[in-house]
Every structure is written in C-alpha cells, then in structure tokens.
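Chains here go by letter, A, B, C and D, matching the order in which they are written, and residues are numbered from 1 within each.
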Amino acid sequence: MSRFTSPLLTVENLTVEFLSDDAPVRAVNAVSFEVSRGETLVILGESGSGKSVSTSTVMDLIDQPPGDIVSGRITFDGVAIGNLRGEPRRLINGRKIAMIFQDPLAYLNPVYTVGRQIIEIFECHGVASGKAAREQAISLLRRVGIPNPETRIDQYPHQFSGGQRQRVMIAMAIALKPDLLIADEPTTALDVSVQAQILDLLRDLQNETGMALILITHDLEVAASMADRVIVMNRGEIVEAGAAKDVFTAPSHAYTKKLISALPHGDAAENSNKRSTTSSEETVLKVEGLTKEYFFSSGMFGKRQSFLAVNDVNFEVKKGETLGIVGESGSGKSSVARMLLRLAEPTSGKAIFAGEDIFSMNQARLLAFRRKVQMVFQDPYGSMNPRMSVHTIISEPWAIHGDILPKAKWKDRVVELLELVGLKPEHADRYPHQFSGGQRQRIAIARALASEPELIVCDEAVSALDVSIQAQVIDLLADLRTRLGLSYIFITHDLPIVRHFADRIIVMKQGEIVEDGTTSAIFGNPSHPYTRSLLEATPVPKWVAAGA
Amino acid sequence: MTVITSDIAAPPPAGKLLIMWRCLKRDKLALFAAIFLLALAIATIAGPPLIGDLAAKLGLRQRNLAPFSFQHGWVYFLGADTLGRPIIARLVVGAQNTLGIAFVAVLCSMLTGGILGLIAGYSERWYSQVIQRLADIVMSFPSLLLALIVLYTLGPSITNLVIVLACTRMPIYLRTTRAEVLELRERMFVSAAKSMGAGSFRIVLRHIAPLVLPTLLTIAALDFATVILAESSLSFLGLGIQPPDFTWGAMVANGRGYLANAWWISFWPGLVILLTTLSLNLLSSWARTFADPQQRWRLQSLRKTPR
Amino acid sequence: MLSYIGKRASHSVISVIGLLALVFFLTRLTGDPSSLFLPLDSTLEARQAFAKLHGFDQPIHWQFLDYLRDLINLDFGQSVRQNRSAMEIALEAFPQTLKLAFVAMALAFTLALVAGSIAATRPGGLFDRTVSLVSLTGASAPDFWIAIVGILVFAVSFDLLPTSGTGGISYWIMPIFVLALRPFGLLVQVVRGTMLGALSAPYIKTARAKGLHRKEIVFGHALRNSLLPVITVAGDLTAGLVNGAVIVESVFGWPGIGKLMIDAIIQRDFAVVQSTILVTATAIFILNICIDLLYAVLDPRIRY
Amino acid sequence: QDASKAIKIVLPEQPANLEPCGTIITNVGQILSQNVTEALTVIDAKTGLPQPKLATEWNRVDDNTWRIKIRPGVKFQDGKDLTAEAVAFSIKRMAGGTMTCNNMAKFGDRKIEATPVDALTLDVKSDRPEPIMPTLLSVVMVVSPDTPVDKPVNNPVGTGPFKLASFDTQSVALERFDGYWGAKPAIEKASYVWRSESSIRAAMVETGEADLTPSIAIQDAANPETDFAYLNSETTAIRIDTAKPPLNDPRIRKALNLAIDWEGLTQLFGNDVKRASQMVVPGINGHDETLKPWESDPAKAAALVAEAKAAGVPVETEITLIGRNGIYPNGGEAMEAMTAMWQEAGLNVKLTMLDVADWIRYLQKPYPEERGATLLQMQHDNNKGDAAFTIPIFYRSTGQYSTVSDPALDTEVDTALAASGEDRTKAFQTIFAKARNDVVSDIPMYHMIGYTRVGKRLDWRPDITTNSEIPLANIQLKN
C-alpha cells in the first residue's frame, strides 16, 4: 500500500518450535509479515495456529529453551531485534513495542494493585514518577472505561471483572504510546459498547502518534473495522495475506473462505439459529432476589467499603433451554455464575435447583448438585491445575464422582472429548501451559462436558475461539442440548452467538437485570436504552467507513 | 501446528521409571547424589554383618590414631577415635542407626506437619485455630525440656527419641504448608475443582498438596542434618542413642573436644552427614524440577531440528 | 484487621498461659531439684529441709496455685540457684539473644533473598551450583565445628578477631556468622525453589513486555510472589534462634537466654525455666502474629 | 589503675551466685575463697593439717568444745571489725537452718553452736565429740555481720584481700582491698569470665585474652611451658551395689576389678594420673600409701566368675553400669571401654549414660526400688585433709552413698571418727584396707589430674586446692 512507506516491523521466515523429550512441536512455520507506521495488520486464524507465539517472539517473550527459534529475522525500525537482550531490549519493550496479552487474568501480577502495575511503566522508563505517574495512570484507566478510577487504582486484580482486567492490560500497553502495539485478542471479554470505545481509542492513538497496530482477533467484524491488511494463519503457516477488503470480499484460501462463512451474522443468525426446538416447561433453576455485595478495605487498616455487584437478580432456566446473559463488562455476570455454583456466598437471595435451595444445601446434597451443574470459567488457564496433564484435568470429574465412568474407559473418553472440541489425542499428555488461549478454553469445555451435567454455566466459554471452531463448539453444545436435554446459562459479550444459540436473554447493567425476554424479542424489539445501544454498536468495515 | 516426525524418530513410549531415569541422567549432580545415596543404602544394609565387630573393637593403645596411613590396616585409613576404634568401620556401622532415626523423624515431622498445615490452612473452622496455636506452643517449647520430660515420663528408647525429634521439627512444616495453602486456596483451579464437586479432602490432597510438597522436601532435605546433629545433643541427657550403639551425630559430638588436636574424629562423620544432606538436597531439587511440568524440559533431551 | 489482631492476641495469651501450665506440671515430673542444688554428699535431712524451704514438698497443684497467685501479682518467682528474681534474670539475658538473632537473621535473610533469587534465574548455572554447594555445606556442618574451628583459625592462628566475649564489632563477627549460616542455607534453598516457580508465571512475561529492569522483574515481581513460604521459614528460624542459640552462646560466652534456659532446665531451676519460656514464648507468639499479618500485606488475596 | 596489674581468669562455668556459704561449689570457691572471704583455718595442701587464718590458735576445752582465738586487727571490707561476735554470727548464719548453706554438707549431720567468750575468743560446741573441728572450720566463711541471715547473697563482704567490684552475667570483677590485714597482693584487679569449651579457654590464655584458666582438657594441655598438671583431690571410682545378685558375691566384685585393662584405660586420662586403691588422695589423713591398686588379671577374673557360677551365683544376670554424662573428661569413653572389658570377661554388663538429675537418684540414698544390679560411675572429692569426709559416706551403713551394711564395720567407723592423732590415721587406714581387700564395694580407678593453663605473665602453680580456690594473693607477676 502506498500510504505506508517504510515498514516499521518486518518478520521474515520465522519458525518457532517447542522442544521436549518427544518430537519438537512446531508452532510457527516460516512466517513472514510486516507492518508500517499508522497501519493496522490484523492476524486472523484458527485457534492454535501460532498467532500468539509469532507475535510474542517479536518481544522476545518465548523462553529459549524450551522454545527454539529455528529460523527467522525480525527487524524493527531498521534494527535487527531478534537476538536483542538486556538493556537494549528493555528500552524497546514497553516503550516502542507494547503488547496486550490474550489472557488478562493470568498476566496481571496478583499481589500488586493495578495502579502500581501501570505506574511502574512510567517509572522504569523514566517518563513520570510519583504523583504525576499516578495522575497519568488514573487518566489511562478512565480512558479505557473503568468507572471510578480514583478508587479502583488501589485495588488488586482479583477485585476486577474479566473485562475490567483486560482493560487494565490495555491501559498498561498504551501507557507510553508505543510505536507498535501488539494486541492479542484485546476485546474478548468486552461487551460491544465498551469494545467500540476501546477500538476508537486505538484508532485515535494511531491517528495521534502514527502507531502501528498488530491486532489478533477472532472477531471478523472487529477485524474488518480495523484492518488495513490482513493475514490469515492456519497450522502455523500464513495461508493468505492481503489488503483487508480483498481478503474479506474475495478470500482465496479454503480456510479463509470457511472462516468468513462460518458464523452467520445479523439477521442471518436469526434465521439459521441453533436455538432449542423442544421447549420444555420444567424449570431447572430458579433464581430469586440474588444479591452480592463485595467488601474490601483500602490498605491494611483502611475503612471497610462495600460494592453492590449483583442487585436483586431474578431469572429462570428451563430444561433444555439456553439462557443468554449479556451485559456491560463488570455488571456482575461472573459473580452470578460463581454464586450459582456456591463458589461465592451470596449476600442474599435464593436459587432453587430441582426444588432445593442451592445456598442451603449440605455437603452431601452439594456434591450431588455439583455433579449436575458444571461451569466453564472465564479464565480457563487459571482454572486448571498447572501440575496436571490434560488427561488428568478432563478425567477429574470421573475421579470425583466414581460412578460416571469406569477407569478403564477414561483414556478413550478423554480422546473422544478432545476430538469433539477440535483438539488432538496427543494433547492429552500435555500440560495447560503448553496450549494456546483458545485450546485451553476448549479443554475447559471438554472438562465441563465430562461429567454429563444437566446444566452448564458457560462464562465467556467461546470468546477466544476463531469462528470456525466456535461454530463447531456451538454445534456440539446444541446437539447435546437436543439429545440429552441439557440446559445452558451462556454468559457472553458476543451478540451474534447469543442470537444464534440462546433461547432467552437477560441483559445486565450495573448489577441489575435491565431487560429480559426471548431472543427474538430482545433483538427485534429492544426496550431498554442500554440494550439498544448494544445492538447499535455493530462495527462497520474500515474500507466502508473510509469510503463513506 | 506441525509435528515433525520425518527427521527425528519419536522415541518409543516409555514407562514412568524409565522417564525418571532419563531425566536423572541429564542432571549430573543429581545423578551423583543418587549414586551416593544408593551406595550408602547398600553399605547400611550390607556393611554391619561384614565389619560389625571391628567398629566396637577397643584399641586403647592407638587412641586418636591419625588418618591416611595403611600401617594398621585399611580400616584405620581414616584414623581411629578416642577409644582407638577404626573410624571407617564406625561410619559404616553407625549409618544404620543414624539414617534410620533421621529418616523416620524427618518423615514423621514432615507428614504430621504437612497434614496439619494443610488442614490449618484450608479449613476456616475452629480446629484450624487450635492447630496453629498448638504449633506455636510446640515452637516455644524448648526441645531439651521436651526431651527431658519424655525421658522421665516415657523412658529412654529410640522410639521416644524419634518422637521428640519429630515434634520439635514439626512446626516448621506446619507453618510453611499453611502459608502456601493460604495462597493456593485462593487460586482459580481450586474453585474449579470445587465446582466439579471435589471435596475438601480431594482438593487438599490432589490439588494443593502437590504444589506444597516441593517446598517441604527442600526443608526436609536440610532437616536431615539438623536432626542427626540434634540427636547427639539429646544423647547427653540419656535420651539419645546409648553406647555401645552410636550414630554419626554421636561420633561428631565425641570428637568435639578434639577439634584442635585430632580433627579427624569429628571431621569424617561430619563429612558424611554433610554429603548425605547435600545429596538429599540435590535430589530434592531435581525432584522439584521433575515434578513441575513447566520446568521439566530442563531435564529433557531437547533435540533440535537441524537447520 | 484490628479485630483479627485482637482475636489472635487473646488466643495467644490463652495459649501462653496453657504453655506455662504445661511446663509447670511437666517439669516437675523430671526429678527433684533438691539433690541437684545441694552438694552430692549432703544428707537426706538437708535435702528435705531444702525442699521444704522452697515449697517443693507441697502437692503439685498447690504449688501451681501459689505460682498463679504470684503471677497475678507479677511475681515470677525466685531463682533458687541465682538468689534473684527469675524474671529479672530472663529479661537481662533476652536482649542479648535478641540482638544476636536479629542481626544474624537480617543478614541471612537478605543474603538468601539475593543469592537464592539470582540462583533461580539460571538454574543449573555456575552461580546456582556454587551458591547451593556453599550454603548447603554451611547449613549441614555441625555449628560447634564452625564455631570452634573459626576461633582456632581467626583468633588463635591469625589473631584477627577476639576468641569470644562481647564488645565492639569484632566480637560480633564470628557469632553472627555461625548463627547465620544455617538459616542462610535453608532460606537460599527455599527462595530458590519458590522463585523457580514464580519466574515462569505469566505475569513475569508481562513485566518483561513492559520493559522493566531485570532487577525489578526478579526482586519486584517474582520474589514478591514467592515470599510467603520464605518469611514463614525465616520466622521459624528466628524463633529457633530466639529459643536456642545455645551453641553460639556457650562457645562465644554470649550471655543470652538460650544458654540460660538450657542451664536452668538441666539444673531444674524451675522459676527460671518458667520465666525464660514465658519471655521467649511471648516473643515467638508476637513474631507469629506479625508473620500472619505480613501474609495479608504481601498477598492481598489473603484476608482474615 | 595499672592495667598490667589486672588479670583475667576464665572459668569453665558461670557461678550461679556468690553466696559465701557455697564456696565448696567449685566455681564459687575459685572466686571467693581466700580472695573475698576467708575462713578461720586453711588446710595445708601438703600435710592436710589445718593452719591459722582468721583464727590464730585453738584448743580443745572438753570433748565437745573447742576454744578459738580470733586474729586481732582484722577489718571487713565494709569497715567493720572482725570480732568473736562476728564469727559467731557467721557460724550461726551457716548452721542456723534459715537458709540453704552448701558448705554445711561437710558437717554431715553434726550440729554446732558458737558462743563468744570475749572480744576475740570464741567457743565452738558440737553435739558429739569432734576431734577435727579445726579442719571443719576451714569451710566456715566469715562474713560481715551486716549480711542478711535469712537469704543468700550475691554481694559477699568478707575479710579477704579483694573485694567484689561487680557481678553480672558476663563477668565477676574483684578489686584489691586496701584495709587487708595481711601482705599486700601483687595483683590489683582480677576479673573472671566463663567459657564452657575447654579449647576456647586454652585459646584465650594462648592469645593473651586471659591469664589463667584452672581446668582444661588433657588434649588441650599440649604446651609444657604454660600447662601444668596437678593432682586435683578427685578420685574416680565405680560403686558396686553389694545388695543385689550377682554383685552380692565378693568373687564377682573382685573379678570386676581384675577384668579391667588398667594400663589401657590409663591412656584415656593421660600418664599423669595415679591409679587409686582407695577413695582418698595421698596427703589426706587416713590415706594408706602401702595399699596396692588392683592389678589387671583377666584370667583370674574369669576364674573367679567361673567359681562363683559353680557356687550357684547367677552371673548371667544383667548388670547395669550407670554412667553420668560429662562427669569428668573422657568419662563416657571410659565407661564404654570398661563395659567392653567386662563383657569380655563374661559378665553381662550394659551401659546407660544418664544426666545428673537422673544419675543422682542412684547415687544417693534412698535408692530407687527397681534398680536391679547396678554399677555406678562416680567421682569423689576430698580436699579437706581428713578421711572423715569420705569413710562414713561410703562404708557406714547409714552413709549417703553406701551399699554395705555391716554392723561391725559401722562400729569400726564410729571409733575411727572419734579418735584423734596416730590412732585416727591407723583406724582409717585399716578401714580402707578392709574396703579394698574384703568388702570390695567399689572399683577405685584413678586419682585424677587437672590441667591448668597459666599465662606467661603470671608466676603461679596450681596445687591440690586449685579445684576449690585460686588465692589471688599467691599469684605473682613476672618482672
């Protein structure tokens, strides 16, 4: 493209492997790409295709060994940085190149306040310090849409919701207005309106400073709205590259074609939906007046403060039905999910499951209950024991509830489940840290399915999956629902997916349900202003916007 | 992702033991440590029947015989002790009691401390508090006094000695375990396990304990030396091992007055204690690496693709 | 937080009283002090008179009630051997031990943090191996060995340091060194172990991507996350020193509480045993409360 | 003050207190005796006879009464005069029973009472005839009448050449007392510190940090220029419990003596020690120089055991040898060696090493009921010049350590104690001979040797009294 003259970053023929006793795993194979100032390069691709690994290599974040850069040349601003270490590398990382990590929950240090983690960047690059740095950090948090940044700056990551942590991560990355920003799935946990706000922010930065952006996303609409150029990766290789418009309108590679046609959007979703066909009258779960108040104190001896995260939430889930929960990031969706599984005690309220209040169950009843209800966590990496292999992780429900599956059959069943979610049998012997974000999410889904539950609570369960695999997983879930009468509570920010998959939807904002109804009703005739703003926030492709 | 199978043939699937052996081979120091401990084990079992009598044979006319001479036979190569008994023979014969006492004592303290620590850390019930305060009490109880009390109430015996040693070392395991559990129980995977229906027992044992164990092993490996030496300091109360039985610790203590004139009397037993501890530590740090999937590659062959 | 401290403190007070009662009854099972205080060839009558004078002939529970009554009046009893108030003796010795323990631990702790962390950044490397070997050797060698050989070498052969006693800086060097050796060895190992895990955590990648100084990454991010077991072990070792730096105290003639306690135990000077245990136990309980509070400071996820 | 006239002495142990009534405790006596406080008499190290100190002369008024003349012109360190009244006070303080007085142990069960006759004369009465009263008076430390009577003190005030300057947990300091009645000592200041490790004490004198240490281990006494050996009035022995089979058979007891490889055992204690044949050292009234120690004769020992066995003595019965940890240097090793030797001789001996408190139960009457056949490691110290401090304890049936109960022997002991002069010596010697040859209730081992390291600055030699006193006044400074 003529607009961008000299490339800022060039990656040539990059090949990365992971070594162990077994044959090496080739994660990235002969990948080349470049990005210029002010340009946005979007990397699309299958989950596990090497997107994160190839971009991490740019920042020297792959540990070698066990990682091994077999070949490749990385040039940034005319300097070869492939083997750069120590002080020169430090001056580039964070300041010239910054990265938004895919899994914001694990990538924040749990023992420091978010404020400190942001201020640190200013201080170590000598940009600002003390009060000034704090001021800047607060304004950054405000820019990424964190409410009350003055108080929240002194809180710790675990006190933030998934989407809020992701935004903290973004704030950290843009703090020094880098020349190149690598954003690895930056909006996976953000609702559409916040997502739009963040994308605007990134665009503004690009206009302001000429920042180059490498955006990894699975979301085709986001991709289209941001991309100047697109590369598509599959199985560690680049299968297609070109100007955004060309790739989207005239894909050439089979995988790209599959990708673009995989998930129907907009009204197409309304028609080709995977919603439940056999609507039943039997109520599986009834939630009444659920309320959660978080207490926290600022500092060791600080005053105790409280925050009402969930406020008087009521809903019902029927057998064989999918209840979608959408809403603002930080509106208490995950809190509701955690309470339903008795992982957090509610401040007040009731949840009747099979005629019994979950919150007053004794240990034995709880055990039976937990066999029937499973959860897919928003943070799949954190939810797996790092010492356990995938086989052990997936077979754990069988070990807990001895009567589900005889031990002899575990191995086969694990392989079966892995294949159902699009992973390979040999993955069973690997450990969580050896997977990509999307792969971990799929392992979590496989585990949830393992105990053959009646109700699954999915907290952003498919948010990191590329559309083709997303479709595969949704199909799987829909199939199970029809065959086994499973019910789902499906928390997501992704409107096409809920529209496609959910039977009824509740919309949450600031801890309260602002609207609920059947999917068609919500999408066809939204009544609450917030719902409307959600539906309107659909991004427009960049070439269309530019052309207009 | 492509699995390159063409240029490197995948090794045939190996059993757990074989994998461990391969990993052990890659860490030379740990390998030496293992070999040393193995040799020690063999000497412990096979040694006493072979040279048992030599260890007790008095040689009052060759008291404190200096080492490094074959004049009196090879058993005197490392010198003789204060009663002229050959040090080599005594090292071999002393190993059994020493290692037996230390091993059992360390194991007991680690197990009880670890288990109580897991309970105290994970549970928030009243007994967690009770366990902790009890640990505080044990911690503030002078070990010598404990030894004396045990001696007077239960009488001298090796079992009681082990009880005393295990009791006094127990709090460190308990408190360390608890500290780790406090953090680990807040981790997401514990919630995940809970949500799957795992009981406290399973969570503590399967999810938390494996992550605590490496730290405990590290402490235990060093405690081995502490326990061996502490044992000898208790024997002067009459609670320790009684002559003619002896341990390395007793040998070290025996040579205490001779450091300026006959260093070898306490040096050699001190050295074997040191080597044993060192070996255990090297092995425990190897085990730590091996048990951690994120670190295990350090012990693997990592064959690179040719470029 | 304040309520937690209050609760902990009250539990601790109860525990200390329990400990004292335990010590009171159990020590009296360990033989009659009269024969120990009097010369070996003194007569039975003399011994009985002695027991009567000091109330050892009373039933044990009466003795205990007496003790409690005195305790309420803050009278901790008289040392039979030293002809002085037992608490006065204990409080005189305690600061000496505390000074020594504090300096030694501070030294061992900081050195171990630094050495252990650096060793963990390159496991199996030269620095790691050297630190491990040196620290483990120091930690598993008998302490009197090091103390006596140290004196023979540095004081006698080279005449660099005084053999023993108290006084200026030079008197501190050897005792501190000997005391710090074992804690250092153990702490290095614990730091190294936990740091290995922490250094491969994802947030370390974040720190690297942020371009933090290596020092910041290792000591700020990784170390901070692995401190829990480290301070626990350090606390435990401190308690050990507070309770019994006996070897160092007796070899170097340091008038501390460890030696005092051991002597009192061996000589069955019950009042001194009780008082020293009261003093050290109080210190240890306070130490443990501090450490538990420190957990919450170090890791915000831990709340009491 | 002149630093060159100040000396430092390292003791093995911290004195628990400085009560003048406890000077028979080694580490108290080594500081106080002859320095801060003085007694009425002192024992001459060579002859064992009492010599004048604060008493100038004495004579026996009747069987139970001795009249003592007090030295005139003596002042206490607090300025008070020494009078008969003051001496009577000191004796009353000691014997009155209002406080525990360790030195009283030397009096056994005797009761004494002192009454001033005039300003410098005093009558001392005992409840039964006491021929060696002047010797006994050597343990009566005379203290200022201002000393509290009912409780022990840590700030003694006596008449000695030095007065206490300070006493804390690290050291005791003495200063020369200018009002002293006798010759002015060369030393002006003395301080005492304590280290338990013998090698450290030796090192301190070697480096010049200290000037004198009264006892170091044999292996540390390697420098003939500074290290002096002295017979230290201690006798080591094994006591045989004659009441329990098989030890109630004299043959077995003799066999125990004969089975030891004495020459080998001596290696443990160095060649300076003297084999003992009786429980008191030479120089003590009653010691019999002609009495031979047991020879080593394993063959004869075996024969005796066989003979006893044939006579139906249960020789296989387990005999417990009870040792005491740390009793004297190499004590543990000696027990180990002797056990091995006895086992060699066919006796079923088992060793248990106990700590003091536990060991004392076996040493002193009443003995534990369930004790079985026991041998007991012991060490006896008599530096008071007379076998009266030994014989009744060991051989009279009422004796503290005694395991014999022989009425004939009892009367013999009583007669000996009442006798004086030649008769007394003879009678004691007969009893020792009987104990050695017929009763065999003990296995005398050695008269022990102590080693003292004296710094190059000092001109002083240890002697048999060094274990109980180090008179600073006797120490001269070289050049």
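Heads up, the rule we're going with is that a contact is a pair of C-beta atoms (placed from the backbone, for glycine too) under 8 Å apart; a residue touches a chain by one contact, two chains touch by 3 or more.
A quick note: this is a predicted structure, and the numbers were derived from the prediction, not measured.
When every chain is represented by the mean of its C-alpha atoms, the one lying closest to the mean of all protein C-alpha atoms is C.
Computed centre separation for the pair chain C/chain D is 39 angstrom, with centres defined by C-alpha atoms. Measuring from the averaged C-alpha position of chain A to that of chain D gives a distance of 87 Å. One simple way to say how far apart two chains are is to compare their mean CA positions; for chain A and chain B this gives 46 Å. Chain A and chain C, compared by their mean Cα positions, are separated by 50 Å.
Among all residues of chain D, those that touch two or more other chains are 199, 203, 355, 358.
Contact with two or more other chains is made by residues 30-31, 144, 148, 152, 200, 266, 299, 301 of chain C.
For chain A, residues that reach two or more other chains under the stated contact definition are 158, 433. Inter-chain contacts occur between A-B, A-C, B-C, B-D, C-D. Partner chain C is touched in their complex by these residues of chain D: 14, 16-17, 19, 24-25, 97, 99-100, 102, 104-106, 108-109, 151-154, 168-170, 193-197, 199-200, 203-204, 206-207, 209, 355-358, 360-361, 363-366, 389, 393, 400-401.
The touching residues of chain C, when paired with chain B in their complex, are 11-12, 14-16, 18-19, 22-23, 26-27, 29-31, 123-124, 129, 132-133, 136-137, 139-145, 148-149, 152, 182, 185-186, 189-190, 192-194, 196-197, 200, 228-229, 231-233, 235-236, 239, 243-244, 261-262, 265-266, 273, 277, 280-281, 284-285, 288, 295, 299, 301-302.
Looking at the complex, you find that chain D touches chain B at residues 198-199, 202-203, 217, 219-220, 222, 261, 264-265, 267-268, 325-326, 329-330, 332-333, 335-337, 339-341, 351-355, 358. Against chain A, the residues of chain C that register as touching in their complex are 1-2, 200-203, 205-214, 216, 220-221, 224-225, 293, 296-301. On the side of chain C, the complex with chain D involves touching residues 30-33, 35-46, 49-50, 53, 79, 81-84, 92-93, 96, 144, 148, 151-152, 155-156, 159, 162-166, 250-251, 253, 255, 263, 266-268.
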